[in-house]
Structure formats: C-alpha cells, structure tokens
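Each chain gets a letter, A, B, C, D and E, in the order it is written, and its residues are counted from 1.
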Amino acid sequence: MKRWLALAVLIAVAAVLPLLLSPTGYWIRVLTFTLLFAAMAQAWNLIGGLANQTSLGHAAFFGIGAYTSTILLLKFGISPWLGMFAAGALGGLAALVIAIPTLRLQGHYFALATLAFGEVMRVIANVWAPLTGGPGGLSVPFTPPSFAGYSFKQLLPHAYIALGALIIVTGIFEVIRRGAMGYRLRAIRENQAAAEVIGIDTTKVKLQTAVISGVLMAMLGTLYAQVAVFFDPDTVFSAAAISIRVALIAILGGVGTAAGPILGALFIIPVEELMNDLFSAGAAGLSQLIFGAILIAVILWKPRGFITLWDALRARFARGETR
Amino acid sequence: MSKMLPRAGLSRRSLLAGTASLLASPMIGNAARAEAKPVNIGVIMPLSGANAQFGINSRNGIELVADEINAAGGIKALGGAKINLIVADSTSTPTTAGTVAQRLISQNEVTGILGAFASSLTIAISEVTERRDIPLLTMSFADQITGRGFKNIFQVVAKASALGKAQLDYTLAIAQAAGTKIDKIAIMYEDTAYGTAQANGLRAAAKAANVEVAMDDAYPLGITDTTPLINKLRASGAQAVFPVSYLNDSLLIIRTMRQQRITMPAIGGAAGYVIPDFEKGLGEFAEGVLSIAPANYDLAPDLTERFRKRFGYFMVHEALEHAVALDVLVQAIEKAKSAKAEDVAAALRGAKFTGGWTRAMTGGAVQFDSTGLNVLSVPVMVQWRNKELVTVWPKDVAKATAEWKS
Amino acid sequence: MSFVQAIIDGLLVGGVYAVISIGLTLVYGVMGIVNFAQAEFLMIGMFVSWFAWAYLGLDPVLAAPLSFAVSFAIGWVVQGQLISRVLKAPSVAQIFLTVGLLIVLENGALLTFGSQFRSVVTSYQTMSLSLGALFVSVPYLIAFAMSLACGVALWWFMRTSWFGRAMRATAQNPMAAQLMGIDTALMYKMAFALGVGLTAFGGAVILPYVAVFPGVGGQFVVLMFTVVVLGGLGSVAGAVVGGLAVGVIQALSSLVFPIQLQNLVLFIVFILVLAVRPQGLVGARR
Amino acid sequence: MNAVTPLLEIKGLHAGYNEVDVLHGIDLEIRDGEFVCIIGANTAGKSTILRAISRLVPRVSGTLRFAGADLTGRAAHEVPALGIAHVPEGRHVFPDMSVEDNLMLGAFTARTAGDLPQRMQRIFELFPRLRERRGQLAGTLSGGEQQMVAVGRALMLQPKLLLLDEPSHGLAPKVVEEMHDAFVKIHSGGTSILLVEQNVGLALDVATRGYVLETGRITLQGSSAELGQNPAVRAAYLGI
Amino acid sequence: MTILDVRGLSKRFGGLQALSDVTFTVPRGQIVGLIGPNGAGKTTFFSTLVGLIRPDSGSIKLGDTSLVGMKPHKVAALGMTKTFQNVALFAESSVLDNVLTAGLLRFDVATAREQALICLDRVGLKSVAHKLAGDLSFPERARVELARALCTGPKVLLLDEVMAALNPVEMQEIMDLIRSLRDDGLTLLVVEHHMRAIMTICDRILVLNFGKLLADGTAQQVANDPVVIEAYLGRSAEAHT
C-alpha cells in the first residue's frame, strides 16, 4: 500500500514538474525522455519481469512503431494518433512472429536470440530504402501545431503525453500482475513444468504477454518519433541505445515491480545527461567511462535493483512502528 | 590531458549558471556586464563511439581557429569579445545530439552551433536549432541537410550527390587525360547515410556519362572481411573501382585487392581514404591511390600548416571545413555586430564571405544560397604522393598532375 | 569455382571467429556468465599487439602471446575484483555488470589511446597463395593457423592437464569440485583470464588485416554471440563448429544474396537453428 | 585404544545458511577407525554437520578439529588435503566426464602421488561395474552406478575419514544393500566413516556407533545395538 | 468402470529404453501403487501420462479421451495431474498463491482463493497459507504440492514420492489423506519407495523394471512374486514381510 502512496506522490510531482520547467528548454526534454524511457522499461517489464524472459531485442518493436506512424504520416498524412494504433498492431504482430521460435528458449539463449532479432530489423530498415528512407533516416514533417495532428511547437504537451503513457503502461502492468495472468506468469517463472501440469497453457500465456509488451513498445515508438522528430535505423533499432538500455533501466530499478522501471529511468537518464554535461567537453570518453563505472558500482551495491533499497527502508520503518 | 581540467571546470560552471538562470527566470540574461562578454559557440561532435576520431579532428580544427581569433583580439564588432567554445559529446545517437543541442541553447545561450560530422547527428541537431532559430554550420554532406527548406542551417561543403558525381566525372577526365577511356566501373559502399548518398551521386553520374556500372554493392558497416566484395569485383571486369568507406574497410578493400592481384585503380570516396591513418596502415600501397575530397589542405598551406604544427598531422578535411565554418560564423557576427542568434543567422543567409579561412575552400570564398548550401564549394580529387595528399583535379586548383595507372 | 573459393574464405575467417569466441564460451561454461565485455578484450589484445609492433617492431603474430598475457592479467583482476562479487546474483545483474565493464573498457581505451584507427604494416599484408583460379590470402591463412594452434593447445590443456581437468570439474559441478580439493575461486579467475586472453590472442592475429580503434569490439560482439549460441553456450567444440559455420554462412550468403544482407542471412539462420535446436548445434547440458 | 585425541572432534557446533541456525550446539567425536552414523528426520540437520566439516556451510561457530588441525579457518578446497573425503547427497558426479576422469579428480590433492593407477585398480576391485564403464560419461550411468563413482572418487584420496551423505537415497533396495556391503569393506580396510542415513535400520546395521539428531540437537548417542534397542528410536525411525 | 487405459506405451531416450510396451487399466476409485528400482522409469511414466513427455508409441485414454500428443495443461483440464518427486513449488510465492494458481484452471481469482483455502485445509496447512512456499519444511512442501494438485479438481491424481522424507507419524497422516481422497471418488497412482506404506494403502501394485511392467497384482501377490523379489526387493523385503 505504501508503495502505491509513493507512486501517487511521484505521479503528482511528475504532473506539476513540467509546468515549472522552461517549455522550450533542455530539462523538459530530459524529463520527457525520462518518462518515455520509464514507460518503455515498464513495457519491457511485462515480458522481462513478469515472464522472466530477458529480451534484448525490444528495439525491434520500438523501431517498428516509430517507422509505422511516421511512414503513415509522410505518405498518407495520417495523424500519428491513429498511426500509433497501426504501430501497435504491427508491433504485436512482430512480437508474435519472434515469440513463436524464441519463447521456448531459456535464459541467455532467449536474450541472445532476441538481440539478433533486433539486428535483423535494423538491417531490414537499412535495406528497404524506398519505404524507410534507408540509412538516411526519416524526419517527422514540421506540420502546423495541432493536437489532432500530434504536432506541438513546445515540448510541454510531449511531456504530458509521455507522463500519460507511463501511467497507462504502468496501469496495464499492475492489472496484469495482480490478475489471473499475473499468477500464471509467476508460476511459469518459478517452475514451468509444474505450471503446465496444473493446467497453465504456458505457451499461450507467454505469447499473450509478449504480444502485449510488443504492442505497447511499438506505440511508445510512435511517441518517441514525435519527440525526437528525426530518426534512422541505427537510432530506433539500436541494441545499445534502446534494447539494452531499456532492460538496464528496469533491472537497475527492480525487475518485476511497477516502481522499478520508474526508479531506474529516474536514475539512468538524468545521470547520463549529467555525465555528458559535466565531462564530455573535457576528454573524449570520460563521461561514458564514468557512467559505466557508476553502473558497475550500482550493480555491485544493489544487484537486485533500487527497489530493494525501498524495501529495506520500508522494513526499517515498519520495525520502528511496531516498537 | 592538461587542457581537460579547465574546460571541464568551465562546463561545470556553465551548468551551475544554467541552473541558476532556470530558477531565477531569464532576468539575469541581459544584466549589464563588461563590453567584452564572451560569445558562446556550441560545438557538438561525436567524441565517443564509432565516429569519435572525426569528431575530435573537427574539434581540433575549431579550437585552432577560436584560439587564433581570441589571440588576435577577439570579435572586434563586439569590443573584442572572446569566443567561448562550449564543446559537447553528441555520442553516436541522433536523439542525444538533439538533447545536447537543446542544452547548449537553453543553458549556454549559444550564438551558433557547429557540428556534428555525421549527417544523422547534424539532422537531429538541426531539428532543434531550426525551432529555436539558432544558426547551425556543418560540413556534413548528406543531401537532406539543406534539402528540407530549413532557414537556419548552413552547409559549407558540396552535397554528397555532388561529391559522388565529381568522384566519377573527375576520374573519367583524369583517365582521358592519360589516354584511357573508361566504360565499365564498380561501386561499393558502406550502407550508411554517407555511403548511400554518395553512391547515388556516382550512379547518376555514370548513367549521365554512359558508363556501365558492372558492380553496385552496398555492404554492412563494420564489415570485418571484404573478401566476398573483392571476389565479386574481380569477376565484374570493371576498369576502375569506386569504394565509399571509412578507414577500416578502406584498408581491407585495398589489401584484399592487392592480395588478389587486382591492379585496377581505386578511387576512394573521401572519409577513410583521406586521413593520415590510411597511409600509415598501407604504407607503400597507399601511394598513388586517388580519392575525392570536399576540400584539401594543400589549397591554403599557409593556414593549414598551423594545424599540423599544433596537432602533429596534416589538416584533415573535416577539421579544415569546420575551421572554415567557425571563421564564417565569426565573420557573420562581425557583420551583424551582434551575438544574438537571429541576427547572426540573418547575416549568414545568402551572404558571401571571403578572406580568412574561406581561402582554403575551393572557390576561395563561401557563399550560401537560400537553402544554406555553399554554392562555391567544389569537390577536389586528391592523390597520395609520398605520404601527402595532393590536389590533382580540377585543373584550375590542382597542385600536380594526376598519375593514372590502369 | 566461386563456391569453392567462398568455402575457403569462409573457413579461414571462421577459424578466427572460433578462437575469439572460445573465450566467451569458456567463461560461460565455467561460471555461467555471459560476458558482454568479451569483445573489449579483443580490442585490448589488438592494442597491445599494435604497440608491440609500433615500438618493439614485433610482428602481430609474434606479439599475440604478449596480448594474451596482458589480457590474462587484466581478466584475472576483473574476475577477482568484480565478477566474483556477482556470481550468486541474478543473471541479469551479471549481464549488466559486464555491460558496465564494456562501457568502461571501451571509453578507457578512448581516453588512453585516442580515437584514431591504427593499423600495422606487415610484409605479407598483400600476399596470397594461388591455387589455379583460387586465392588464399596469406594474412588470413596465418591468422587461421595461429587460431588453430591456439585452439588445439587449449583443447590439449583442458583434456590432459590436472588444471584443465579441475576446470572442467568446476564447470560441471562447483560444489563437488570443492570437495575434490579444487579451489573453485581460483578456477573462476583462471577461466575468466584464460577466456579473455584467448580472445585477445585472436585480436592480435587479425591485426594484420583489421585496424584497431577503441570501438572495434562493437564490430565483433554480435558476431561472437552468434558463434557461441549457434554452437551451444558453454561448449568449446561448439564454438569451433559455430565459428566455422558463421564464416561459411557469411561467405556463401554473399554468393546468393547482396552482400548487404550478409548479417540478415546469418541472423535468420541463427534464429532458425535455435528454433529447431534450442541448445545450439553442439548442445551443452545446462 | 588410544582415546586421548579423537580423529574428529566437534564441540558446541552452531551452523546455518541464512539468518537461522540449523545446528544448535553439536558435540560429536570420531575416534580413529570408527564407523559412526547420524540418524534423524529429514530436516534435522544431518547433512549440515557433514557440510560443516567440509566447510561448505557459510556460517559456523564452535570447535571443529580434525587430526589436531582446526577446520574452521580453512576453505572448503583445503579440507580434502587433510584426509577427509566427502560423498555428497545426490552423488554429484561430473556428468560430462568419463568414469576414469571422475575417479582421477578424487585424487586431485594427491595428484603428485605416484600410485594413482593402483588406487584406481582398488576401486575397480571394490566396484567391478566401474571397470566395465571406465570410459563412459558419468552422466549417462544409472543412479546406482553414479553412487559407485561418487564413493570411488572419494576413496581415490585414500582418506582417513570418509563422509557419506544419504548414500541410499533414491536407490533401489537391492543396490542399497550392495552399497552398504561396500562400506563395511571400506571400513574394515581401516578407513573411518561418518555416515548420514535416513534408512535407520540399515545405518545401525553397518555402523558401530550412532548419534540421533533432532532439529539441530543431538538427543541420543550410543552403540548401534543400544540405539537399535531404544524404544524411542524404534518408534520414531524404525516404525516398530 | 475403467478411468485410465494405457496400452503399449513406449519411450526411448537415446540408448535408454525408458518405457517398453507398458499396458494396464485402472478402474475409477482405486489406489494403484507403482514401484520399481531407481531408473525403472516410474517418473518418466508419470510424466508421459500427463503429457510432459511424448511417448514414441502407445495409447493413453482418460475415460474416453485419448491423451497422446496433448499438452499437460489440456490433460490437467481433463482431470489428470501429478505432483513432482523433488517438489516443484513456486518457492517465491505464498502457499496460498501456489494453490490458488492451480484453482485458476476452473475459477476466477476470488473463487480460486476460496477453493485454495479448502484444499489447504484438507491437507492441514491452512495455518501456513501466507508463508512463502520456499520457507516451509520439506514435509510441509510435499503437502502443499498435494493441495495444489487437488485444487485443479482432478479425477486422476499421480503422486510421485509424496512420502519421501516423512517420519512415521507424518506418513500415517498422508496415508489417511490418500485413502480419504479415494473415498471421495478420486483415482490415485502412487510412486513410493516405502514398501510398508505402499503395501498398506494400495488396492493394487504395479512393478516396473527397466521400463517394463514386471508384475501387476495385490500387495500380497507382488510381494511373493519371485521375479519381483529377485529384481527389486532383495533381502530387506524378506526381512520386513
């Protein structure tokens, strides 16, 4: 319950914060990306946390989402609001296609097969130039600002859309986690054979989760495209910048919990920015080096994520109460 | 390393300043200061990741010019204001490049931005600078950069398609001068924005010149074995090959060609073929290799030798072009007599700049058309001669006659 | 003819893929950790070899043992100070520790060595043997032979020495290995150091034809994972089979498809193999 | 009998894995040449005693001495060199190695001894089935054969003390009997044995002395005959 | 009335014939014991029945439905499930959640929770419903496993060594429970090493050896079968019977 209270406070802060930041400025951009990455990590958390399948290929769905809505906008003038649903449909389809051969893989094999799938999508986007613009990338056209057209002059609406997305994805995550599906996923995670003999269709449950995760990730790809405005295959299908980073955020925060991805994003994205700001002018590589060192330190310190910090605090607090 | 600390210090201070202004509203911005308030100029380059080398070269070129101007008394129209470079790492992710641009604009109130070598990074930055009316000067040569109707972007070199076209046309001319007629060529290029755009130019030029393209293959970036490419090249029967690639692939391609005893001329597409490491890697086998280049240091040795003196290697073209970009930006500030971004952008549009570093460009000056493209810039053909790059074409700027061995 | 040429080329490259990937599979096999930073040791090996060439005049092939030794020492420290602390942590924490290590090593190299590409000039860099219409590149052949020698040496070591036997025992059952009097912590250090050392060795032998720069690992990392997973994680024989298979698939695919699609073909084969044989071609238990 | 210094001396042993103690002050000793068993219910902590001796338990306190040497300060891999061989519950053979390699590894700390082939011959005499299967991968053997490998592997050390943890678990009654016959032979060859066994009837059959362990405490001890006659033991463990 | 009908069931793993032409039928409401030396194929047999392992040949019928090729969750939905020899609980979930999850086969979450509590009550573990399954003692865990299987609402229940590691008192409790389940109409197949327990509760005993069905009969018949004694029971059987 207290965790929910904290979440509510967090959301309230996030709701007010954008208003305090300069609407055309830097920090609101950082905030928007933080919220977006939190939502992406939350979408990943469905398959990575609840089903315990560490996907390292979520950029595939993300990129499909970014490309789908942008291509629809460029070629047919379809508003990204609608394009987002087309993106979700294609993302879900892609998740289904990749899930069929990979879902029976265990652990590292699954992780590496999905990593390869992300790369496959990147190569396809690179090669299929007539549709995707190839390696040159796509620019989202600068249309007159309108809500229906999903075009804004300032970043403020984007920040709120990202916040809304985070709340929705987190809500979906919680509903699944607490419902029958959540029970089934936990059962599969802890003992697949036992789950099967007590009547859980493990393939179906994992497939459903993978598809939901893929749909959400693709829809978030649309939102990202609208904020970033320009992207190329290397950006949205990037293993390092999307797939691995999204997993990292969820894991650093605390995998399988609703608050984990949010904590992770609130840490990773601003720290990356801060490192770049403070050190990148100094010596090439220094900021990244420090970021990597911080990453190592955090993992050595809290291998199960920041959420354990919260749990420890709460435990101490609870003990204090009973005394 | 000795330079690292003060610069990092500056940046940290600027962060604090930015945060302070964030909290205390923009009131502080125009507070009366000494006349010589420094002019902030953003430099966004890939300082880490795959393109780091080129980002660092570019930064070196920019720093050279900035230090020279500051040493010569700063910007005169602004009472000798010093140039204050705000250098930031774009990494190799366009979104990060955009965020960095946003930061420099919001927190450092930059007058203009220079960057960011790779076209994808430059495009991402331009999406930010365009919306905030900040001039962005670049040497990235993707066609899209000035092809989108943006008002605040300025491309100091010819476009990639023009580069590709020149790569072919100059070659035909050089061969013809040597008495060879070329009617069958091979194109191989890395499948990046740079590679594909330049290959498009090559292809179009070949079609226009009625030259058969016997091989036309893209290959994945970061390829570690070019044998399949060279096998295919050997089978193609081409008279000359046009590889468009970065250094590692360039070395692989040339070495594998030599292993298979293929002697046809290779005419590189800039990038990997026009940096000192190309010669260092190949030694004697680099001798005589031709390449197209957007500019070359031997056109203004008096200027570019300062770079060699300070950094120990010849002034590579990205350093040179970024140096020119800074010089042009400063000239525009002088002209506008203002460090306000809008004023400077207005002074850049459609204007012609001469003197200073612009002499190092073909055409001896820089003039932007309405799209922001430098219309005076013409690519040059360079050839490796005794560890140096020598301009061999077009004839009016050539420092030596091209050697052609077919 | 081009088919035979492609097979030859594929095998030559594949042999090198095998040796750089054996290290990855060894680390996984002994301690169950997928080391995302493995390819960075390839980079370290290449740098060591480059400096040996530039300042000592050593041919990269002769400098390979030096690359091995330096990486071995770094690996020893990394295992003892970092990896050993997460051996019991969730596997995702292990993965991301090595991701952190990757970032640190790559950017550490950027800070220390700078960003430029460095390449060696060897007397044989443009030499080749010709067999009729077939060409066999000398640098590739040397790299292949060195890799082969290294692989055989490792195999011999693992099969016949007490140390190798102890290491295999640790891989199969660390608790029982301790009961035999085997210092498993030492074996872990040894395996990690040996694993990254081998990869560095592979880096040195390819230096005559691949230039080194801080990001060079990135060009090999996905390839190494493909090799290892295709062969079967943890299986040394699998890495050899996987390496050769990847080399040959790449070479053959370029006969049929555009070279641009080389990796696409490779990854699709990879995913299909996993779909049919989830344990890889030479499946290890686990 | 020289009873002054026992071969193994345990006093006030506490041990546990997480925050909870499994053992709450165990006193136990084995004199040279004895065959001692520990019996008790499954969760009483019997295995933990053996694992504490072999230093596999993360947290121990109390006295733990073997042939005059203090065990508590040592790492697990240093224990075999002192002459203690441990056959763990569940056998834990090295599945991807041949029977021969498994046996050789048993003598890892004695690898410089020149008589390893002779030692192996002795194992083959004890378990002739292993001679037939010497080249086979241990993981492909039946449960009983794997148990033979596990015991044979431990004997390769020529230990002073052999720790046997539930050697009958999961084996068919007939194989269990063969196994226990082998233990009697090993013991008569001069090796001291500490046996942990759930099959109380068989344990008291082969051992000369026994301890009864209940929830981490020794509640009874005595000769096997005494324990076998004890009404509490008979009711609780023999089902009589 | 026959509820389970198995004919000619065979399964080979590489060089090992795990099951070889196993044929038998079970009428509704019987407790059938399954014994045999380790490696005889008992666990493989159970796994094959519930669909975890696909047989090479043979037929399995539950009532009138053929099960071969069916996934375990379908088999469970049709009314046959098993427990695991080494206890395969969801260790990081509560005891209640373990059992509740099984109830989801037939009910929504709320109803499944009620059902789970009933099942836990039946095995006498209602008091530990909110403990983590992984924190229980081994005998308790075996009972949770039993409750979980019960909560799927089975017609046929396969118990794989649920009495391992129990003391005689605990064993008696489980035996009573098994009998009461049989009295409720359940059919049970029981793999067990404890001869005494098997002989006491089973209406009938099957003996497996190297994948073959060696004997099929009452406790008395099996115990006196010389083939069985030779292959499996050995001296101790003589001593105990």
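Some points to look at:
By definition in this document, a residue touches a chain if its C-beta (ideal position, glycine included) is under 8 Å from a C-beta of that chain, and two chains touch if they have at least 3 such contacts.
Small disclaimer: the values here were computed from a predicted structure and weren't measured.
Considering the contact criterion stated above, the chains in touch with subunit B and with subunit C alike are A.
For the pair subunit A and subunit B, chains touching both partners: C. Taking each chain's centre as the mean of its C-alpha atoms, the one that lies farthest from the centre of subunit D is B.
In terms of C-beta pairs in contact, the better-connected of the chain pairs C-D and A-C is A-C.
Centroids built from CA atoms put subunit C at 31 Å from subunit A. Chain geometry summary: the mean Cα position of subunit B and that of subunit E are 74 Å apart. Averaged C-alpha coordinates put the centre of subunit A at 44 Å from the centre of subunit E. For subunit B, the set of residues that touch two or more other chains comprises 47-48, 52, 55-56, 191, 218, 220.
For subunit C, residues touching at least two other chains, in rising order: 107, 110, 114-115, 214, 258, 260, 263. Across the assembly, subunit D contributes no residue in contact with two or more other chains.
If you check the complex, the residues on subunit B that touch subunit C are 47-50, 52-53, 55-56, 191, 217-220, 222-225, 227-229, 231-232, 235, 247-248, 251-252, 255-256, 258-261, 275, 277, 280-283, 285. Those residues of subunit E that touch subunit A in the complex are listed here as 50-52, 71-77, 81-82, 84, 88-93, 97, 100-102, 104-105, 108-109, 112, 148-149, 151-152. Only residues 21-22, 24-27, 29-30, 33, 123, 126-127, 129, 134-137, 139, 142, 153, 224, 228-232, 234-235, 238, 241, 273, 276-288 of subunit A touch subunit B when the two sit together in their complex.
Residues of subunit C touching subunit D in their complex: 162, 165-166, 168-169, 172-173, 175-184, 284-285.
Of all residues in subunit B, those touching subunit A in their complex are 1, 4-5, 7-8, 10-12, 15, 18, 22, 47-48, 52, 55-56, 86-89, 91-96, 98-100, 102-103, 105-107, 119-120, 123-124, 127, 130-132, 142, 144, 148, 191-193, 195-197, 218, 220.
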